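In the two assemblies presented below, chain A is common to both, partnered first by chain B and then by chain C.
After this line comes the complex of A and B, so read on.
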């Protein structure tokens, strides 16, 4: 027998498993207070998932509010929807808008790499779809434990196959992302997924249930027992080897169903038969019904027994919590229901009217005629607990910062430099990632103008006007450990620069904030510092944060991951044919470095690869310079000044030269500056620098333009011949065949493929 | 009047939009066809595009071959109407027995997406007449199940009858027998291949424009018929 509202009122003392569902004592008492009685088991299920860290942002909410202080305008137009919606929507002109967002699926991907990663892609794609947009591309920032760690051989191939298996089957080009290895991610891989979608302004849809009498339609996959409790238990607790396996909590994806759901939903939008829509993510029906009702102007009544089930034995509370994938909920005017169902039939998508919008402000859910939920939806969706977690700068921060790279042995002479360039090129974080990216379709839909290994991904939006957008995601967690405020800004600046080198104007930010346990004051300090850094950085750059995601509890025991605030930057380019790629293109072209190189090796790839060292202070950052540099690069793309532009980041100039050479198998001949240590010139990770190539006869023009933007230039040399060598004059030479062999070997060798 | 080339959308087709665009850029009139209808809308040629029709469930192409439109496609192929199957379309043509052999999982056991070098082994088909025999081209390859297999007798016969249309160059990406990337039927009007010519029609978005000749071959053939 179901635990009805009436039964709950009559049995106030019945024991309830609130602790097993992840609620704390005071949270359970608050629920009793709100309801004026004990919750039914169905209500308890709803509150427990919706008040989980993953859904309620209870530890981060007070800090995330700071993003709201930023101007809600981008350099190219207004935000049509901001933080709080499924995804932010940015006006990019010509009647177009784009929406993009990054989310994490970290814990599920550790438990079950393939399905965890696959459903991570599926979830973010539905978020974008729910805004009324056609999803047009994905990117995947991924982080794993050491490449040679035994568990990486389980997690890495599974995650990559899951990202590819799901995204490829949806027909979404994978434009790039990151693959990073660090020992702190050994038990906590980070699987972040970004999706970008395009819509016309008039197609914007929001998640709200309005208009009493309107029908509530559940469509997509039937509901099964997968993912039950995933949100409350899985996403909100650290892993503990002593607890039972949580494998059944990971959802199982069906990308074919999602592809049908995309095409069906877009046809529903086009037919104008949708007044409100919500995707199903974490917390399933609990989330969709309470959020839709809470955002609307009335209430909602749902007959839960009408929900189509894959497993007929599911109890009402399990149906409410199930995180079965590929489901959506729409609010539809009664006169449009037939047309709605007809379009679903065309796409073989199951659709069921399960309830209607009411006028009483309550969310009421019945099970075979008996009421099992009767709540104010706002108390479920919006009025969950808010915690001001204590935070404190950890005692070890000073010690870490004082342990700089000053004492490390630096290479001298050509042979040592050559050896260390090759060791960096072959290191897991800097080597060729084709083994990963070759498993992703980057061509589908025929609008991929730039894709990995380019600095940014670029998608054409309009074939006639050639309008497009570019995207990059970045984060250097080592810098964020050394200084979380600056580290977050460095992530922002790098993504911003990666968009600008492609020729697109950076306009908006989405972030995925991956941290350890918020109950650890040191982690909470890292988190608050990162947000402060992002807010200050975004204000300086004029780029609003349009949405994002927080993932806490990424730690094993008491050891947290490197603070990893992944930042995604979106840029707009008026004419995609003017984009600037990253690789050297024409032998004999001049090679020039933009920006200034300082002796900044703390936290660098060199310190990590050669000395396994992490300490000191990250490189300094000048956001005003970054903005002027971006102006220069965007302008240069418009005038066709540059043949290539490549951001300098991990591994500094040494690595950037290697990548620019290997892209089209062209050599380079570089003359380093006199009087400055060649080691510093090659390996420093000073920010705000870009390696460019251009025809010799346009160097004067570049120097004039750069001077007008107060960006220093250094003439480095010339692009060499096809199949030539990477030459630093007077120091060393590496034939490209040797460079390529070292660069390509690392991942296949480690995985034995 | 420019010929009409139809592109069939099955549930789970992905590269249908790309194929329609390639047809348009090549100078023919693109026509979207729906799997659930048996009407070919009077098209002069048919493309079965890439993707994961029916999620590749059961076996790639095994469910799609029973779509209502396939009865019409098989009948049209028998009349000599040009039919091109790309990737999943190739798999469907094999399942429909318009082409011999089958496609199984890549020997790498991973999905492979790369810019693939191919050799055009014959230009004596409706879809390759604009190439020269032995021409080397670059075409995007992307699939999880592109490993072409057939019994020895079939393979010998395909070679003897000049029906191996494309071979992989450099490294065989999926284990295909005798490096076969594409084949045709006896009449040469039905061609199937794993690589994706529709992704190679615009230098902005593809690694080459070598794909255009597939479509212009068919268009020239149709013009000659009409003329």
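After this line comes the complex of A and C, so read on.
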């Protein structure tokens, strides 16, 4: 027998497993206060999952509000939907809008790398779909433990295969992302997934249930016992003790089902039979019903026994909490239901009317005619606990910042420089990532203009006008550890610059904030500083934060990961054929460095690779310079001034030159400046710098334009011959074959493939 | 020479996209009322006698490699001579 509302009222003293469900004592009491009685086990399931950190943002909410202070205008128009919707929507002109968002799927990907990563892609794609957009591309910023750690050999191939398997089956190009190794991620890899979608302005759909009498339709896959973990405590204790005591906490995805769901949903939108829509993410039906009802103007009544089940033994609590993949919920006017179901049948998508919108402001869920849930949906979805977690700058921060790279031995002379350039190029974080990216389809759909290893991914939106968007994600967690405020801004600036080098104008931001435990005041301080940095940075750059995700509790034991605020920047380009790629293109072209190089080696790849050192202060940042630099690059793309442009980041000029050479197997001949340590010129990670190449006869034009934007230029040398060498005059020379061999060998050797 | 069989199945509560695809295909071909879950079977030829120690070893092997115990279950059984012989004969 189900634990009904009536039964709950009659048995106020029945013990309930709130602690096992992750609720705190005061949270459980608050639920009792809200309801005026003890919750039924179904209600307890809903509250516990919706009030979890993952769904309620209870530790981050007070800080995330600051993103709302930012102007809701982008440099190209206003936001059509912002934070709080499934994903932000940006007007990009010509009647088009794009929506993009990054989310994390970190913990499931550690437990079961393939399925964890695969369902991470599936989840973010449904978020984009729920806005009314056609998903057109994905990107995956990934973080793993050391490349030579035994567990990385399990997690890395599994995650990469999962991302590729799901995305490739869906037919979505993977345009880029990051692969970063650091020992802090050893027991806690980060799998962040970004999706971008395109829609016409008039097709925007929002998640709300309005209009009493409208029908609630569940469509997509049947509901099974996936990912319900905690809810099984309820089921096994209050009902059937013979059930499997531990339900798995992972879900298995089915990309072919998701593909049907995408096409079906887009046809439903086109047929105008959808009033409101919500994807199923974490917390399944609990989340979809309470969020839809809370955002609407009335209530909702659902008959839970109508939900199609894959496993008929599931209890109502389990159905409410199931995280079975590839499901959506729609609110449909009664007159449109037949048409809705007909379209679903066409796509072989199971669709069931499970309830209707009501006018009484309550979310009521029945199970075989008996009421098991009767709550105010706002108390479930929006009015959960909010914590002002204590935060404090940790005592060790000063010590870390005082331990700069000043005392480290710097290379002198050509042989040492050459050796360290090669060691950096071959290091796990700077080596060739094509073992990873070659498992992803980056050209499917035929609109990929730029993809890995370019600085930004770029896709064409309109074949006739050639309008397109570019995307980049970045974060240097080492910088964020040294100074979380500046580290977050450096991540923003790098992603912004990566979009600008491609010729696209950066317009909006989505972020995925990966941190340790919010109950640790030091971590909470890192988090608040990162948000403060992002808000100030976005304000300066004029790019609003349109949405994102917070992932806490990323730690192994009590050791938190490096603070990792991954920032995704989206840019708009009027004509994708005018894009600027990253690799040297024509022998004899002039090579010029934009921006200024200072002695900034703290937190650098050089310090990490050569000396295993992390300490000091991250490089300084001038957001005004970044903006002028971006304007210069966007203008240069329009006038076709540059043959290539490549952002300088990890590994500095040494690494940027190697990557620009290896792209098309063209050498380079560089003359470093007199009077400045060649080591600093090669390895410093000063920000706001871009390596460009262009025809010799247009160098004057570049210098004039750069001067107009107050961007310093340094003539470095010339692009060399095909199959030539990476030459620093008077210092060293590395044949490209040798450079490439070192660059390519690292990952295959470590994985034995 | 004895034969040990390891049967691996997706856990009952886990989605089985392969089984689902086969179920759908059977329905389209007119085989109604058949719900399929698809697993895999390993036939292992064992040198010498199948002792309890040997079976424990095979269970460890199954846990390590043959099954992904996060999402799959497995069962280990010893195939008798008669079973093996019956399998070899046409139906």
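One rule holds for everything that comes next: the second predicted complex is superposed on the first by the 734 of 753 C-alpha atoms of A that agree within 3 Å, B and C clash if a C-alpha of one lies under 4 Å from a C-alpha of the other, contacts with A are read in each partner's own complex, and residues count from 1 in each chain.
Keep this in mind: a residue touches a chain if its C-beta (ideal position, glycine included) is under 8 Å from a C-beta of that chain, and two chains touch if they have at least 3 such contacts.
Please read these numbers as outputs of a predicted model, since none were measured by experiment.
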item	value
Chain B versus chain C as contact partner of A:320, first or second or both or neither	neither
First (chain B), second (chain C), both or neither touched by A:666	neither
Contacts of A:623 with chain B and chain C, given as first, second, both or neither	neither
Which of chain B and chain C A:199 touches, first, second, both or neither	neither
Chain touching more of chain A, residue-wise (chain B, chain C)	B
Contacts of A:191 with chain B and chain C, given as first, second, both or neither	neither
Contacts of A:221 with chain B and chain C, given as first, second, both or neither	second
First, second, both or neither for A:576, with chain B first and chain C second	first
Which of chain B and chain C A:129 touches, first, second, both or neither	neither
First (chain B), second (chain C), both or neither touched by A:161	first
Chain A residues contacted in one complex by chain B, in the other by chain C	254, 256-257, 348
Chain A contact footprint on chain C (complex, rising order)	10-17, 20-21, 24, 68, 70-71
Contact footprint of chain C on chain A as seen in their complex	111-112, 115, 221, 224-226, 244, 247-248, 250-254, 256-257, 310-311, 324-325, 348
Interfacial residue positions of chain B with respect to chain A in the complex	11-12, 14-15, 17-18, 21, 36, 51-52, 54-57, 108, 110-114, 140, 142, 144, 196, 198-199, 201-202, 204-206
In the complex with chain B, residue positions of chain A that touch it	161, 164-165, 168-171, 254-257, 259-260, 346-348, 437-449, 460, 463, 576-577, 753
